[in-house]
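Notes for the one structure printed next.
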Amino acid sequence: MIDIQKLVRDLNTVRSKSPLIHNITNYVVMNNTANGLLAIGASPVMAHSLEEVAEMASIASALVINIGTLEPEWVKAMLTAGKTALKKNTPIVFDPVGAGATSYRTKVCKQIIEECKPSVIRGNASEIMALWNANVQTKGVDSTDSSDSALDSAKALARQTGAVVVVSGQTDYITDGENTRTVENGNPMMARVTGMGCTATAVVAAFAAINGDMLEAATHGMAVMGVAGEIAACKSSGNGSLQVNFLDELYNLDEAAIRNNIKQS
Amino acid sequence: MIDIQKLVRDLNTVRSKSPLIHNITNYVVMNNTANGLLAIGASPVMAHSLEEVAEMASIASALVINIGTLEPEWVKAMLTAGKTALKKNTPIVFDPVGAGATSYRTKVCKQIIEECKPSVIRGNASEIMALWNANVQTKGVDSTDSSDSALDSAKALARQTGAVVVVSGQTDYITDGENTRTVENGNPMMARVTGMGCTATAVVAAFAAINGDMLEAATHGMAVMGVAGEIAACKSSGNGSLQVNFLDELYNLDEAAIRNNIKQS
Amino acid sequence: MIDIQKLVRDLNTVRSKSPLIHNITNYVVMNNTANGLLAIGASPVMAHSLEEVAEMASIASALVINIGTLEPEWVKAMLTAGKTALKKNTPIVFDPVGAGATSYRTKVCKQIIEECKPSVIRGNASEIMALWNANVQTKGVDSTDSSDSALDSAKALARQTGAVVVVSGQTDYITDGENTRTVENGNPMMARVTGMGCTATAVVAAFAAINGDMLEAATHGMAVMGVAGEIAACKSSGNGSLQVNFLDELYNLDEAAIRNNIKQS
């Protein structure tokens, strides 16, 4: 069960505080991610140079690390920013894009988790399974597994790392290893918009910036994504309009829209 | 003449197989390209690090090399990925963005063609002419020539390189040096959406991933682009809505839409 | 007062000459910026490699330098391109994204201004104040100050650097230190679309490419942004649709739309 009052409270807090979210993310989604954060009311900044990531991370209210188009210099910056955030108790939300697709991605994911200790890890089923079981081979960056099949891996990963783990899919699972929340909203067309998962990671970071309970913050972020995405999908005839409508729905999301559309299992 | 039955067969195969397309492309168009591939039913991945490009190329069904925002490290990755794909007989579709605009671009284009032996080269008239005749100076990345004027260069380039060469323009020409196909669909407004040519390159790669006949695959890719673009342009009042509507039309393209809109010369 | 006849004359000149605008800009906005320039009728090219920036800058009609996602290699390219443009008297429009947010950004801004002598500097209030007074700390890349509060800094910066300085905000101020123009058009929702300021910088460059009077060119660029943005905002229900509608309005902007919508103080 999602407590709608708390969700609305957090949404209003994001909008009134407009927390600065520092993103070290991939080239493909930077524009969507920034617009997604602006839509929800947060203030995004993208900065990846070793010359400034520590300083930027130290003024941010949350840090997003997303390895979608990783390379060695960027990984160094992710680790530097991550360690700064860790030292300052600033929440880190980690998106292991394509974990399992190449050995480099899997290796970097492990390093980031070990050295930066993210507060939240959000991925699709294939990615979360690959993080837990190095023998899982994934195909590119799209999931080939259902989120249900990754729940055990998610719980084990959460217990091992201390992070809240989110598996996106038809049902989103949010778990700290002991307690598990679900979000039933969303629409399959969302998987056909590039970077929708990356935007989810950033939106989770906006909630983590203003709510210290990471299980609750991640659940609120995923609920907001699911509700806005589902409303937008109903108005969209393809992935082009869905990308646009999704931002508009996120921009306008309010208590009535949440109450009228949220699915509680 | 385009055989519509074969085109529809290939479109359905792309959608059912969802081939993994590995893109080493430019910053400007990564988002559009990924969404274009998702719209047509393929699975895009962007990866450019030397640490992983060989591994990623080896699991992909086609490789896109696009030099739009090239730099030396990226060129190394293009060559590494290209040689891997060549060894595995994975089709490579090459987009020589801005060939002729600077000597660096022209030089890199020659190196990629020589070392990676792309299956398909797709460019605008100015780019194709610059590839064939090093003395042609182009202005930035937009074509200043008609596609007709580049046909002879395209045929000669095809004979020299063994690649199928595509010249985009009012009429698209697809040639292996001996046989030439044309696509008459499209709309001039498409040239006002950045990266429309780059998306064409990626869509051609999706067809090349599932049809070993490169002349046919490239023709099918360009036909799908032209038909979807033309329908979308009729619904659009500027380049903003065209970018969105184009993705929606590609997403929904079916046999009826193709039969009702394709122009056969 | 904006002379509408001169503004329309310049808009028509941009469209007929389609000047090549060389952009060294940030990853987040490259797609929007390119589409914004195509919408207004200019020809954008993005190129950042040291191997080609001097050559590209030397064939361009204006150069945009935008430090949004700066790193040392890119800064080298900015300086090389900038010095080339300076030598050729090609106008440079500089966007000091996030000046004041980190010491690295502030330092690079000073270096670019000193070594490249931009013709126009365009930023939000926080950025312009940080450029003038190194003690101002800004929060990320969004302004926390009103444009009015930055006017004195803008004038002083213009006198010090010889550049026309533009402060974007509810009222846009354009000043050479002695003479100041204002643009009253626009809509607050524009600040919720990522890269709207970066697009303004690029559009100013398109006008600077065809009008040697930098105060006039910058005023015309900002007026066009404000009018198109204001019309688009009225048709938009969020930042998703605003990004799309803005490009369409820019694409279709004509004398009637300007006359009917421009606000003169």
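Letters A, B and C mark the chains in the order given here, with residues in each chain numbered from 1 onward.
To be clear about the criterion, a residue touches a chain if its C-beta (ideal position, glycine included) is under 8 Å from a C-beta of that chain, and two chains touch if they have at least 3 such contacts.
These numbers come from a predicted model, not from an experiment.
Trainee: Would you mind reporting the rotation angle for the C-alpha fit of chain B onto chain C, rounded to the nearest 5 degrees?
Mentor: 120
Trainee: For the two copies chain C and chain A, is the contact made of the same residues on each side, with over half of the numbers shared, or of different residues?
Mentor: Counting which numbers both chains contribute, under half are shared, so the two copies meet through different residues.
Trainee: Counting only Cα atoms for the centres, state how far chain A is from chain C in Å.
Mentor: The separation of the two C-alpha centroids amounts to 32 Å.
Trainee: Identify all positions of chain A at which a residue touches two or more other chains, and write them in rising order.
Mentor: Correct list: 27, 31, 243-244.
Trainee: State the interface residues of chain B toward chain A in the complex, per the touch definition above.
Mentor: 18, 20, 22, 27, 30-31, 34-35, 38-39, 43-52, 55-56, 59-60, 73, 243-252
Trainee: Tell me, which parts of chain C touch chain A in their complex?
Mentor: Interface residues on chain C, with respect to chain A: 26-29, 31-32, 68-72, 98, 101-105, 139-142, 192-195, 236-241, 243-244.
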